[in-house]
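Shown next, in structure tokens, is the structure this report addresses.
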Amino acid sequence: MPLRIAILGAGRIGQVHARAVASVPGAELVAMAEPFTEVAEQMRAQYGCDIREIEEIAASSDIDAVIICTPTDTHADLIEKFTEAGKAVFCEKPIDLDLERVRNCLAKVEAAGGDLMVGFNRRFDPDFMALKAAIDEGKIGDVEMITLTSRDPAPPPNDYIARSGGIFRDMTIHDFDVARWLLGEEVTSVYAAASVLTDPEIGNLGDFDSVNVILTTASGKQCTINNARRASYGYDQRIEVHGSTGSVTAHNQHEANIEIADRFGYHRPPLLNFFMSRYVAAYANEIAAFVQALAEGTAMPTTGRDGLKALELAETALKSVQTGKAMQPGE
Amino acid sequence: MPLRIAILGAGRIGQVHARAVASVPGAELVAMAEPFTEVAEQMRAQYGCDIREIEEIAASSDIDAVIICTPTDTHADLIEKFTEAGKAVFCEKPIDLDLERVRNCLAKVEAAGGDLMVGFNRRFDPDFMALKAAIDEGKIGDVEMITLTSRDPAPPPNDYIARSGGIFRDMTIHDFDVARWLLGEEVTSVYAAASVLTDPEIGNLGDFDSVNVILTTASGKQCTINNARRASYGYDQRIEVHGSTGSVTAHNQHEANIEIADRFGYHRPPLLNFFMSRYVAAYANEIAAFVQALAEGTAMPTTGRDGLKALELAETALKSVQTGKAMQPGE
Amino acid sequence: MPLRIAILGAGRIGQVHARAVASVPGAELVAMAEPFTEVAEQMRAQYGCDIREIEEIAASSDIDAVIICTPTDTHADLIEKFTEAGKAVFCEKPIDLDLERVRNCLAKVEAAGGDLMVGFNRRFDPDFMALKAAIDEGKIGDVEMITLTSRDPAPPPNDYIARSGGIFRDMTIHDFDVARWLLGEEVTSVYAAASVLTDPEIGNLGDFDSVNVILTTASGKQCTINNARRASYGYDQRIEVHGSTGSVTAHNQHEANIEIADRFGYHRPPLLNFFMSRYVAAYANEIAAFVQALAEGTAMPTTGRDGLKALELAETALKSVQTGKAMQPGE
Amino acid sequence: MPLRIAILGAGRIGQVHARAVASVPGAELVAMAEPFTEVAEQMRAQYGCDIREIEEIAASSDIDAVIICTPTDTHADLIEKFTEAGKAVFCEKPIDLDLERVRNCLAKVEAAGGDLMVGFNRRFDPDFMALKAAIDEGKIGDVEMITLTSRDPAPPPNDYIARSGGIFRDMTIHDFDVARWLLGEEVTSVYAAASVLTDPEIGNLGDFDSVNVILTTASGKQCTINNARRASYGYDQRIEVHGSTGSVTAHNQHEANIEIADRFGYHRPPLLNFFMSRYVAAYANEIAAFVQALAEGTAMPTTGRDGLKALELAETALKSVQTGKAMQPGE
């Protein structure tokens, strides 16, 4: 029997997950919860799913799992509610902007023996998976230094920035998770430099738009993260891992794989410009991994603890900016 | 209302089209016809479609269109049968290996005012579409010389070769169609060189495995086609168009977009190895274009005449090999 | 003692060779012959060499070898004169536009036991040498199909075209030589298609500016050559060799190895635009190989026979255009 | 009249400069000073220059300029000596490992009105110059974030490490100079992380082999530097500059510009493996710029102050490692 899924929230990311669920064999989109009637109707028409209230979903016996795509400040409450209701839970990052609240929530999930997966889509990108596989197969020896480059095509709206918890919790958090995934060792020191270079309004909101971070581990491995809220040429998403016997790089993805030569030179199209087109396969793989782990009774591929650790690094990075010092996570 | 489709034949290419239909909004896979019960059952389970006899489908009022994926020698008869039954028809290339039979069939379709699309999937590949768009937007000026490289990872089974009509009708036919699409002018001269280099058994069957073709048009445009039945590094599919003010190239697609550097050098993965993974988007786009043309009442994107012209070029190439001369199509 | 060299002719190619000789340890540029006083003076100043008459050089006891860079119609006479004078001879291609004259000349050189190298610079390009080495090391198995792409940035002046012997003898001749070098087998069949696409004036002179050639060998190997007299993006010089277990490609060289990304996409500079910048290392390596062969008493790296064979292929290609048939060399 | 040059020291870097001087029109290598007779003789034979004692060179009226390629601890004394002797001075970096000694030395040069160029070869690399030109032409808008990657193929001998002043003064110093060159603004904050990952012996010597540095400027521009003493795939030298309207990248240089495809994938050769082959053009351009500036009486292209500033950043980076804090230069 397929896993019967409900999606809470049909905003941008909710729609991404609806499309992902529809494409995954073994998963069935039974219901969505969405307060905006027009959007809800569109989802019903497109996916043939029910539209139900959140409470109703929690009580539904024909729902095995939920995907939480509501605003961040509702995540922790919903995780607890649906864990209590005996549903498996997939929650978009972050669980909460407050570390204490996250720890509380995870303790409850653990106590209840619930299944919780936190959405870090990049781990499921086919190119990044191939890069990870190359490392695991020993193609580059021991991992020594990692370079992560993540640049958005353009900043989000300012009201999003205001509610985002800041660039480290909102954007760099993905890189913190990728760093932990690839370093294979916990981070012991975080230094971050942060500037406002693309839009002064972002600075007025107390946030930054351009950051570089250096993470180090106990054994001396290092990872640098470069983030910018603006990249004219598209959604820049690269990983380079330098090891003792080689390096492996995941390159960017262009709108098309063509090249034009003329008297000005050689020209390739810009990068895929949006996380939904860039990571369409990643989102589908992510849900497939969730479904498969539940079906096989294996551990969640990305856990609440992963969400917690990435958030801790974000908090530590912010403290580093404030103090001008490298900080230990938890310091 | 969506276009209600039946697929005739659930072999390799039939399954490709089933997947494509499932992914296209506005299309509904109502039924499939397939003599092998096991395969038929699998399709029914996977796509929730009916399994019906071919005659039954022709008589079904809940079927608007058929996709013909049966063996080549049945294509022309089925096109005629379903045209008479008032169904729109999508038929895999070629319509028939015999030019006269093709002409007959097309005449009947025309007389009946039927809708017939012939499957040339490459025209619908996103990269090749981007290349064509660049040409149409004037990015390279006038098209002057085209270089098409199509190499299979490995030869098909010998019994397939024996029934295939030969490399020009089976493999080069795709390049002939691409050449016509990009030249924007009919071909007036065909020269072909053909060798048996990869497997002597192919020669024993009267066929070739390695060919080069030069096409020229009345205005002097030239197109070369390079085909091989074996490429160790994957499914090699490239187009280069040289124009008066520039060139445009569609590059190959690798298994993953990563690169490993070690003491032996820099290494990228092989190419996508199979037409179903390489052209998955092309097949979906192709069916979407069929569905859209029927919905909007516009001309079929690739027509029976396109199928006929490509087959004519294949025949002309074979004659050129036999005579050692450049031949005119129809000569 | 270094090889004492005189260069006959200080035109464009003579200056290329002067620069090459100056850069090669073991070679000394003793004298140049050049009728234009201004150019001659400039050479004397730049290289500290003597300026002497051709007859004087033939009689000079302090000259071991000459490099012939005079107009084509003087080549054969000068080869004979300097062979008789006991000098080693390096002559720019072609020896003569007339095959009979070439055969005569080579017979005299052979009878006299003279050392004659014919200039085919591409065999000495570092990238092409690396490609050849990869083939010789068995990296791609048996050579099966070769694709040569040679496009000039812009046509030469019309008066040059008029004296050039036509595109096959002037431009394609380099590709014919590369084909023979890489095929490792003599060509048994030549088909050529030729058009006037870039400048009608070239057609008025009885020549072509856009050609495709297919060469085949006795064992069925094939080589295609694509030539154009105009490429907006620079001097396009590529080789691709497809073998039984792999392929090897020599890519183009850009003005600089940088890439700019902006909202229009990713941009690399045009190709090196001129044979003197593109092949600067090749010209130096070529003279170094000449000097080394003389020093070690080994066979000339490229011989008069190589010059003859390439010219034969040029002639055969022209006959193929005239007859529309594949022709045998010598037919 | 050409600039008459003497080179002090004929070790590895002295020989690089001898070759550079020989290739630069307008420069003449008159003499070299070298204590090892065998090496001195080889230089005399190869370049036809005199071998003289250092004192003799200082007193020679036929020497206009010297290139100092002796051990680091002699640089400052020699700069002063030859400045007093009225010679223009080109000195390899660093002027001294001690900042105070450098300041003293520069004060004397300034007081004497001497010409002093400090060797930062990377500014003269053709690709890096093209990158800088793209920035200066406004191709990427305002510079915002720079990523410098410099990795050596293998660590130098341990006795070199012991005398080197440490990785920041010996290796990163080049990146510090490139950073200043490209940022167009002085650095106000330096954070560095440093590990011993490639060879524990380097740690025993009190040095590091793997470092990441973040530089920031008053306006918030950031530059990261990634250095490793070991890269299996060759001499890794890359620059990426991210600006407000685009990015520009200088790619690596491979041993040859070829690519082999086989069943394991696509393979390019390793990088040029040695600074002398990677930067051969840079060294020639550097000397040419020195010669030209003296000939035209313009400012030295890279000054003693550039040497001082880069060394200051190296010192600041080391302090940052020791304190775990971002440091101000001069703090």
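For clarity, chains are labelled A, B, C and D in written order, and residue numbers in each chain start from 1.
Quick note on the criterion: a residue touches a chain if its C-beta (ideal position, glycine included) is under 8 Å from a C-beta of that chain, and two chains touch if they have at least 3 such contacts.
Since this is a predicted model, take the numbers as computed values, not measurements.
S.K.: Going by average Cα coordinates, which chain is farthest removed from chain D?
M.R.: Taking each chain's C-alpha mean as its centre, the farthest from chain D is B.
S.K.: Looking at A-D and A-B, which pair shares more C-beta contacts?
M.R.: When the contacts at A-D and A-B are counted, A-D has more.
S.K.: Using Cα averages as centroids, what's the distance between chain A and chain C in whole Å?
M.R.: Their C-alpha centroids are separated by 57 Å.
S.K.: For chain A and chain B, let me know how many angstrom lie between their CA-based centres, rounded off.
M.R.: 39
S.K.: What parts of chain A, by residue number, touch at least two of the other chains?
M.R.: 231-233, 245-247, 261-263, 269
S.K.: Can you list the residues on chain A that touch chain D in the complex?
M.R.: Where chain A meets chain D, its residues are 142, 144-145, 147, 149, 151, 189, 191, 193, 195-198, 210, 212, 214, 216, 220-222, 224, 226, 228, 230-233, 242, 244-247, 324-326.
S.K.: Please give the residue numbers of chain A that touch chain B in the complex, ascending.
M.R.: Those residues of chain A that touch chain B are 25, 46, 126-127, 130-131, 134, 139-140, 245-253, 255-263, 269.
S.K.: Flag every residue of chain D that touches chain B in the complex, lowest number first.
M.R.: 231-233, 254, 261-270
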